[in-house]
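In what comes next, subunit A is part of two complexes: it sits with subunit B in the first one and with subunit C in the second one.
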Partner chain A sequence: MNDRTTTAESPRAAAIGAFGGQSSRMPLTIVAVAIVFVVGAVAPTRFAGDFVLRLANEGLLLGMLALSVAFLMSQAGLVALGAASVYGGAGLLFAIAMSQWDLTPMSAVCASFLIIVVYATVLGALIVRTNPLAFMMLTLAAGEMISHGVMLEGLRDYTGGADGLVVNFKGSILGMEAADFANPARFWLVAWVAAWLAGLALWTVGRSRLGAILRAVRENEERMRFSGFDTYLPRLIAYVLVNVVAAVSGLLHVLNAGFVSPESLGLSVSTNALVAALMGGIAGSVGPILGGLIFSFAQDEFGARGLTQLLTGIAIVLFIVVFPRGVVGGLWSVVQLQARALSGRRETS
Partner chain B sequence: MLKIEKLSVSYGSVRALIEVDLEVRGDGALHGVIGPNGAGKSTLLDAVCGRRRPTAGTVRYRDEDITRRTVAWRRRQGMARSFQRTSVFQDLTVYEQLHLVAQHLGDERLDDVIEVMDLADYLDQKAGRIAYGVQRRVDVALALIGRPHLLLMDEPGAGLSAAETLRLFEHLRDLVRERKIAAVVVEHDVDAVFACCGTVTVLDLGRHLATGTPQEIRADHRVVAAYLGTAA
Partner chain C sequence: MIALLIANSLALASLLIMLASGLALIYGLRDVINFGHGAIYMLGAYLGYTVALVGGFWLALVVVPILLAFLGIAFEYLALRPLQSRSHIEVALVTLGLGIILGQIIIFFYGGVARSVDAPEVLSGSVTVMNLSYPVYRIFLIVMGLGSCALLALWLRFTSSGLYVRAVSQDPSVARMMGINADRLSLLVTSLSAAFAGIAGVLAGPYLSIDPGMDVTMIVNCLIIVVIGGTGSIGGAIVAALLFGLVQVAGSVFLPNIAALVPYILLMAVLLIAPRGIGRGRVLN
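For the complex of A and B:
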């Protein structure tokens, strides 16, 4: 009995991801993470110029959008191709709420969020019960309907049509005014904190029981139903969560840019988010955000030479075929290999 | 425990089950279901567990008509199913998947299931990396969690040797007897069925052919003509 209990408990400690024997490394990990957070928040504002900071800000926001795409892929096995419709849509709703509905900035943010949550819930309720391919096509279809819908002549007074919409931002949000959001250095701090919070939130969900259920449903949905699980609600919850993250990044984008363009709702932004997620690695939270930063700088470099599509194509091939785990996943594999080699050498010596 | 009345299932123009009646008591004995290929055995289990909606007839479980109930609901009410093709979580360790299901169904006696299915040596291995025979035991173990009242086992011996199948059936027989639950086992290994089942039902071409003790079934000329003559 004791052997069986011991046998059952040691895999249990590993199974639920407890740090177990690594508990002595926990404080060190927390300290390292805190250092990275502080250095990352401060260093760019001190050493980087406005141009680099603007690119980095775009990269962080793209990274957050990529995070929303990556989470759904890695946890639920679903690819959402309409992420930009939420990203750009949240910003558009904010702009409309400020200019048409005369709401205060904070009220406009809340209204945008509420509408996005309702939209994600209704759309998710319809599409998460489909198979992964149908889900992908339905998100694409929904995204395209919205991105083309805002260009309709009849809605031009609200959406600005092809001209986009200037954000009529008066007042403040959490003590920050329009000029603060437009300032690259000050915005970097906001975007950095938001990216960390989004990453931490989704990482926590991934390690929770909801995350375990999502991954099990992804792997064998039928077995989960036959084990008494509701396989629909967890995926719906995940879909709404990732759309909230996408909405946050979209709102921050429009606060920073002061303008909503119809392109921000288009398929190219959704594709960029997907590529950024693949670049950085879809497992975990660090990969997509890093992927967003890499993509943003690479796109600027390639774009200057008119080679943006070439970048996108090469990146897709590279990171699916050659580096399927992305930059972060690949680096982690190298670290693990080195650690194993080191511990092997210690044992033999 | 389980009562099936005039159950019919069709796949388009193919009538897989035709007005089948069956009654299974929860008296701690295995109820075997045998028949040639295409007899409708797996379809019968699919209709009972909710995987397939019947075109006619009813399924009554513990005196309640559950014909329209979902798979997940039936599982939570104590009706468990194992599969002909092993259905486990390849990327999870044996313990992870058993624990996940046990936690959901509120079963605090996971050790009992691990012991009964002899899985203690494999708990920390991913299901995709263990031998097929052990995967079958994991598949059955997933069905045993939550102390179900009714077990539906679809060819639990598929892919196992005759000796392994007989051993598995003996495990199941003892478990079912000890827990006083009902179990319906579809199986091609007629010897294992006759050795361990208290009641045997024979299906042929979607219809109920005969139900009785193993001795009665062996002696039934209709069964011999339709199935046992070729299976023997």
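For the complex of A and C:
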């Protein structure tokens, strides 16, 4: 890419560059990203109404879930169809910890988080050694197992069965009380920061040695094993890592909603996350989160007519077959094309 | 008691065998797991319901598989062939999306309520064998399941097209080099597998209820079976389906509290002991 063109790009394109592609001017990019971060944190709370903010909050949380799906897809070539069981499971565990175990909110968060991480580690240890196709089937099966398990009659007192659980939230988490989490404008800040942290964390991991090993294993596992690399542990670490992100998203969701329903563990939430990831583009961190936002607003538009599921199916097919790079990937290649055309014109003139 | 248990598990396994062997067949030829198979089965069940209302159960049992075979042909031409160059994971995701679309279309036309089909007169009673009374329909189900299983085995073992299917499943590139047309075989296998799903759907009508969630339930069960059986192994899938049926039925008798979880426990146990499944499926990467 030509140096002159980077200065001409919009901050947003620079931000995309920082996440999705390579950038040649680091300081400028960092400034641009910081501007996007600050503007994004403040502007919506000033200009958007409560309803729009609620949708945006939902979108950011779904975006984080999509990010976890996308990271595993793009780095390890593994598709997880059970993301919702961790997302909803973390929320449900928090609700149980609050209502049944009488924990303080902070220790309830920690307890549910720990349980989910242990679950993800055990499950991951079992399933990451299979091939990608079997992995996809197994995550689907594990997700269904959890969502059926929650509905068991014997656990009804615990999980609330089909009714779900209301969170009895007294006290505070990191200085925020129940009312603060329920306030859309305040929660936007929390969700925005969390989404950025998750995005930056996974982006960093993707560019680290672990990311390189994951991609190499994705391309040819046998070759990596033959070259003396452990191919099991990196994939297990990646699996646990994305589940940590999914669990954080699920915990934030239950804190925001004050309620957890068994539907949040269901297959449709997992496919929603998959669609959000595909829509935004799975490479990089911006795509999935943007995809989550798009999905949230689209669902509001079409969900009332009962079309969400149908459109989810159509979106999966459409984005894989026609736009495999998603919205962000597509925009990025348009920007690159424009930049190349621009620099070409300047050089000839 | 034990005899009843085995008979019930065979009845359930019969349905599962028809679906899981269809999945394994497509997988053998195309390396793709059809996540939309549950929706095809659901379409079979609902079409069976409609045709049975008009012309009776037996007509449904003949017409629906034929209709679904055409759906299989469309699936082959419109999805599998154009996407041949894409990665198997992507194609699997496309089948997942297509399955969701098909499921939603069915729900759109039939609504969200559960339906039921009555078994025909001949099959509606029960017979008494050795002081045990058993529904005739379930015996019919077992005969159909094991019969189709035997036909499948005969076809694979004793016909030239069966030989070709086995060859492509074992080593696609060598089979192609020997002049086997994998595309034509795939057309045959895809339509066959959809037709089997149709038979299973029609047969499920009087046995299980026909409801909008049946596609997900069935595809998850089938995926468990395919993984337990060793991906791509038809023999393994059949054994796994029998095992699955037994565990499911025994679970609902002896452990009614956690019956819904028993198949998953079986899956996890098999994964711990034999990560590649019990059959000799093609080892792939």
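Operating definition for what follows: the second predicted complex is superposed on the first by the 325 of 349 C-alpha atoms of A that agree within 3 Å, B and C clash if a C-alpha of one lies under 4 Å from a C-alpha of the other, contacts with A are read in each partner's own complex, and residues count from 1 in each chain.
FYI, a contact is a pair of C-beta atoms (placed from the backbone, for glycine too) under 8 Å apart; a residue touches a chain by one contact, two chains touch by 3 or more.
It should be emphasised that the depicted structure is a prediction, and the values quoted were computed from it without experimental measurement.
Chemist: Touching A:339 in the superposition: subunit B (first), subunit C (second), both, neither?
Modeler: So A:339 meets neither subunit B nor subunit C here.
Chemist: Taking the superposition on A as described, I'd like to know which of subunit B and subunit C A:43 touches: first, second, both or neither.
Modeler: In the superposition, A:43 touches no partner, neither subunit B nor subunit C.
Chemist: Report for A:131: first if it touches subunit B alone, second if subunit C alone, otherwise both or neither.
Modeler: A:131: touches subunit C, not subunit B.
Chemist: Let me test your reading of the model: by the given contact rule, A:35 touches which partner, first (subunit B), second (subunit C), both or neither?
Modeler: After superposition on chain A, A:35 lies in contact with neither partner.
Chemist: Would you sort A:212 into first (subunit B), second (subunit C), both or neither based on which partner it touches?
Modeler: first
Chemist: Spot which of subunit B and subunit C makes contact with more residues of subunit A, would you?
Modeler: On the superposition, C touches more of the residues of subunit A.
Chemist: Could you look at A:230 and tell me whether it touches subunit B, subunit C, both or neither (first, second, both, neither)?
Modeler: Touch status of A:230: first partner only.
Chemist: What is the contact status of A:222 with respect to subunit B (first) and subunit C (second): first, second, both, or neither?
Modeler: The answer is both, since A:222 touches subunit B and subunit C.
Chemist: Of the residues on subunit A, which ones does subunit B touch that subunit C also touches?
Modeler: Dual-contact residues (subunit A): 220, 222.
Chemist: Inside the complex, what are the residues of subunit B that reach subunit A?
Modeler: For subunit B paired with subunit A, touching residues are 49, 51, 70-72, 75-76, 80-81, 87-97, 99-101, 103-105, 110-111, 114-115, 120-121, 123-124, 142-143, 145-146.
Chemist: Mind listing the subunit A positions that touch subunit C in their complex?
Modeler: Of all residues in subunit A, those touching subunit C are 77, 79, 81, 126-127, 129-134, 136-138, 140-142, 144-145, 148-149, 151-154, 220-222, 267, 271, 274, 278, 309-310, 312-317, 320-321, 324.
Chemist: Using the touch definition from the top, list the residues of subunit A that touch subunit B in their complex.
Modeler: 3-5, 7-8, 10-12, 14-16, 209, 212-213, 215-216, 219-220, 222-223, 225-231
Chemist: Sort out for me which residues of subunit C touch subunit A in the complex.
Modeler: Against subunit A, the touching part of subunit C is residues 31, 33, 83, 86, 88-90, 92-94, 96-101, 103-105, 108, 216, 220, 223-224, 226-227, 231, 257-258, 260-261, 264, 267-268, 271-272, 275-276, 284-285.
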